[in-house]
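Below: a set of structures, written as structure tokens.
Two complexes come next, and they have one chain in common, subunit A, joined by subunit B in the first and subunit C in the second.
After this line comes the complex of A and B, so read on.
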């Protein structure tokens, strides 16, 4: 991304929202950037890591979001601007520190950028980071387009410095990953000097120690800051109105929803009757501004995704000023006109508008909808979520599944967040039976492993990825060892934070900047805790299965099996195939007794294709990665592998 | 007879806990695997007909059909099954000393069959600690390594399927009654395979009243005895009512009532004590720990016994009348009890339709 730093003021580029945020941070002179990978947020730190050395930034992928926020806060407290980036549920992880940081206050500008995922397109939840603003009393900004994504980021640092507290700039998937034109500003070139001044008077916000105590004093100070932010927001250029002076209906919205609302107004041609108040500062709301627009009409529609966060804030203001502006009729989440789950889109907003304004509107005709449905059913091949061809997880779960079936005591696997979450589906042989937050597989297993005295006899397994191991599994493992909980943790070590794009983690000898760094050995960490540790290559299917059976038969405490095999999409693996795979059609039993399509019906690597005509398996050479393990599962030795020279 | 598939096998046998882990369904396909004495199905197979169902001794079996095929006559009420003669026997001087159970007749017969080329592979059951391990023996020396009773239900037929896959075409096998029934089913070509070939030339059946479940037995024994020190296990003939576990020079006696709790459920419905579908069946002889009872059933069985005797591998004698009477009583008793139990639990009705 050389244009992120090589082009100066006035240059215009088509940027992803995340790139716009990165550029905004550069224009603000950010120096410390931290985060933990998580879609849709990851690109921001990645882009800044690429320019870090040239721009003299410190950028790191932290062990988890809480540490990321602590590292970023150290920058702010030492007088350099810092930014901390994560996906929505990352804020949950960081929240304990954030609560205290909001109490102690910050010094140089510090911006928290959570990227929410309404509709859970790349998440196991559609959690809301907006509520932390209200919960912890931190200003919340939400860009409504790509230019704003850059400009508001820059402005967020100034706001943070003017109130000396962290500021949240919240994005969503359709803001982070969609693109739009962005006109650049300048990047400052002045040097900074980092020093933590902490020997001043205890209550001095800039010279004293950084403490959230005395709590009542600090909390009072914090609320004064929020009051100041509210005043600033009254005249903030990111709160805009378009539409008639006396609209029939007022839409109040923010973020990507402002784009949907604009489009919906255009689709219905109601530019002259519907007004659109787009708020960039959604907590605390500027009361005078909101009251001014509320008084323009009696009907108000709040357009936002997932929970009624904005709706509640607006309703409070409306209730407080009802004696001045009169009683209003509200539309939104509570009356169900806007769904409370999933993403919105222009159609959904248009349908809501049409319903309120009694306009006859159908996004698509019944005939079209029916035809589309019919064609989709008939002609679109079913494509379920699956592991990539050559994915080590398929091999790992194959062995885990088979070990549990052979064991026969109804054992199960507690999972967590990663590509391996898919093991709840047929591609992972439906092996995964719990799925919650990162590291929670190990924590749940620690609990299941203590139920023996109540007659619990099922073998318990947990899985976590290598990055997840560092992020959140370690405390659960320590808990298990200390309390003599009986379970087996399988670390699916694929050599990086693979799901989000191979970001480095503490187990690797490289950091976000590409520098050589010391690595932390997962096996040694587990051994030091007192766990029994085994390491296998998951592509050794029978060896892995055998080790698993031995470990789950061992009833004494925590066992750890590290399955090491690099992700099939990693740059190293993509360089070439290890094996060229072929099928001996004479040997292939196909769907006859003795096989019944073991490879294409059960193992289901996408590189193996069932040939309906010949009734044999065929290799899809285009997508086969040449990992070779299907040769080991074929009962007849019909799948042949030859090492690529 | 109508053949069903793995879904029905799961419903009729595995889900009802009737599987005794004989190994008949193992090594035919990747779906069924035996692990530590238990048969597991790794993934569901959807075929409407399969060898797994066709070979299983615990699904519906038409004994008349099998009896006609192997003995040329309908299945009759003789508690000892069809036979040509009943004698008593022990290993002859041609057999090296080994840790035999009783008279060593089984080891003698298999060693003889292998050394004279009647069979080119013998499917036997060895053990590792208490875990029974099916083996393919190709020399008399291998046979002796597998001598002595196991008492744990063993997936021996997995090694038979393996030997057949490996191309052995003259196979001898030592099998329990349930296993000999499965072998008879296999040999009757239930799938109607056009290229069918019967590679089994000698079936030596073992008398059996029940076996113990390996996993239950191991956990029972390991709570009482250091398993590494066990040298031999024996259940002396009635009325002893004990199991003897030999450890180094001493032995520990366990009341049989405690051991019977470890018998797999499937054994309760077994009507066969003397392995009626064998060529030759062998068991203990009450009151004579040095001898076996031997039931000769088929012509080829008779031929091998005669030759083994002539060549000094086997010593035969007449069976005392009271022993024979007791054998008939015991075998009839097992049949009666199993029949009553199976009838009570509705297990005697053949399946008509495929699995739910």
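After this line comes the complex of A and C, so read on.
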């Protein structure tokens, strides 16, 4: 992304929504940028980390989102603009601090950028960050296209400074990971000076200490700030209307949904009957502006994704002003015209519009649709998600699964968030039996491990990744040690925050800026807590399995097994194969082997192919990464590995 | 602004395949070539789990006027590039229409259930018949095979882009390709990418 820092005002580039947000922050003169990796948000911090040294920014991947927000707030309180980026789930983690920060207030502009994932395209839930704005009484902005993603980010810092409180700029997957044309503004070049002024009068917002107390005073001040934001929003250029003066139906929408709505209006050719009010400022709503458009018609459709956040706000306003604007008919999530789960798209909005306006809408002829559906059903195979070829997790779960089968006491694994969540599927031998938030495998295991007095006898395992270990597993482990809970934690240490693109974490000797930094050793941390710790290479299948069985049989408290092997997608691994793999077709017995095609049917690495014609296994040289472990699972020794010179 | 009028406003292209085939890279190269020509381009990409064996698609919308929804409405693709054969059919089920053109790389990437021997992958002839049945014009291109001959199967995506430049009415010029690809790859990879692009062009001499 070489042009992200180009000064050329007025130049136009194709940018991802996330890049547009990063550019907007640069144009605002941001100095401190923090975050924790999470799709679809990660590119924002990554892009800024790459230009950090040149632009004199401080950028860090923090241990978790709460710490990220605290680090960013320190920048704001010291008079430098700061931004904090995370996926939606991160706001849940950071929320305790955010509640207090909204009370104490901020100084230099501070912008929180959560990226939500409607439809859970790469998440384990479709949680909403918009409600935090209402819950904590901080302004919420939602860009409706790529240019706005940049421009609103820049403006969010100014808004934050004019009310001296954090501002939320919420993106969604289809904005963050989509791309469009963006015209650049200028990047400021003035120097900044950081100092936390804290010796002034206790209630002085700029010179006093940063406190959320006295609570009633601060809360009153906070509500004055929201009132001011509401007034600013009345004349905000990011709230736009497009459509006839007296529409038959008014759509109120925001975010990527405004692009879907615009397209749906065009598909149906109802530009002359349907109006589109696109709101960039979705909390607090600017009441005069919204009332003005509500007055234009009697039928209102609210288009938004997942929960009816905007719908509720608009309905409250409409109820309060019914005596002025009359009674309205609302369409949206509550009546089911817009789905209340999953992401939207132009078709879903077009269908809703067609239903309300009683228009016949058919994307293609029945004949074509039926033919395409029939051929696809016959020919298009499902593509189940799987671990990559050469992925250490496949090896780890192979051993975990086998150890639990050998143990025979109905043991199970508690999981959390990472690529290894896939172990709930056949690719991980369906080993994972619980899946919740970051670090929750360890916390749940700590609870399961205390149920012995009620007759609970199942062995309990938990897994977490190396980055997750630092993010949220440590408190659960301390809890387990302190309460003598009996379970085994397997740390799947693949050398980085792999799922989101190898961002560094505290276990590594490098940070987001590429500087050499001290690392925190997972094994030493666990030992210091009092856990029994073992370290293995998961590619040593038998050694890993044996160690696991020993740890599972040990009934005394917390045991930790660190399985250390770098992710197959890491640059180191991609540089070349360790082994060249071949099949000895004389040795592979195929259907006649008692293994029942263990390698292709159960182990299921994409590099191993069952040859339907020859009735033997073969290696797909393009897919195989040469990790070599399948050689160890073949009972006939038909899979051969040879070290690549 | 642009010299050449678009055949449709907006013109909708879908590039589809399986994670790891260079789908995202192909869509960005194509998009940046067209941005250079002054068009508004919107790309919608599927990310996340895609690297782990799933289907991927990029929606590319080319407009003289504005950015559009990052998701193309159903039935409204004008051109589909399938880096994997069955993924092309999967896309036509949702976004196809009788006027769509299809460029299809003929080398399959088997889903796990196929390589596990649990389900069968359809024969290439069956897929070709479906493709002819669902698209107005189809080009079958052995892009991966040609790319393997060049020494790297990932170049299949560039070959398919070259093929698109040979059949579509879009202003996809060699010079623009060269300039855009140079900004994304190390300079020593330029020649092989140019070669791949040319192979794609040559492969679409005639609709089959």
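One rule holds in what follows: the second predicted complex is superposed on the first by the 637 of 645 C-alpha atoms of A that agree within 3 Å, B and C clash if a C-alpha of one lies under 4 Å from a C-alpha of the other, contacts with A are read in each partner's own complex, and residues count from 1 in each chain.
Convention: a contact is a pair of C-beta atoms (placed from the backbone, for glycine too) under 8 Å apart; a residue touches a chain by one contact, two chains touch by 3 or more.
Keep in mind that this is a model prediction, so the values were computed, not measured.
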Subunit A as common anchor, with subunit B and subunit C clashing or fitting: fit
If touched residues of subunit A are counted for subunit B and for subunit C, the larger one: C
Superposition-derived angle with apex at the Cα centre of subunit A and sides reaching subunit B and subunit C, degrees in steps of 10: 90
Touching partner for A:596 - first (subunit B), second (subunit C), both, neither: first
Which of subunit B and subunit C A:470 touches, first, second, both or neither: neither
Contacts of A:259 with subunit B and subunit C, given as first, second, both or neither: second
Touched partner set for A:429, first subunit B, second subunit C, both or neither: first
First (subunit B), second (subunit C), both or neither touched by A:549: first
Partner chain(s) touched by A:388 [first = subunit B, second = subunit C, both, neither]: second
Contacts of A:145 with subunit B and subunit C, given as first, second, both or neither: second
Distance in angstrom between the closest Cα atoms of subunit C and subunit B, superposition on A: 12
Intersection of the subunit A residues that touch subunit B with those that touch subunit C: 601
Subunit B-facing residues of subunit A, complex: 401-402, 405-408, 429, 549, 591, 593-596, 598, 601-602, 633, 635
In the complex with subunit C, residue positions of subunit A that touch it: 2, 12-14, 39-40, 121-123, 145-147, 173-175, 177-181, 256, 259-260, 262-264, 267, 345-347, 350, 363-365, 368-369, 371-373, 375-376, 378-388, 419, 422, 426-427, 569, 597, 600-601, 604, 606, 608-610, 612, 620, 622
Touching residues on subunit C, where the partner in the complex is subunit A: 18, 28, 31-32, 35, 40-49, 51-55, 67-76, 86-87, 89-90, 92-93, 96-98, 110-122, 126-127, 130, 133-134, 148, 153, 183
For the subunit B and subunit A complex, residues of the former touching the latter: 28-31, 33, 35-36, 38, 40-43, 45-47, 49-51, 191
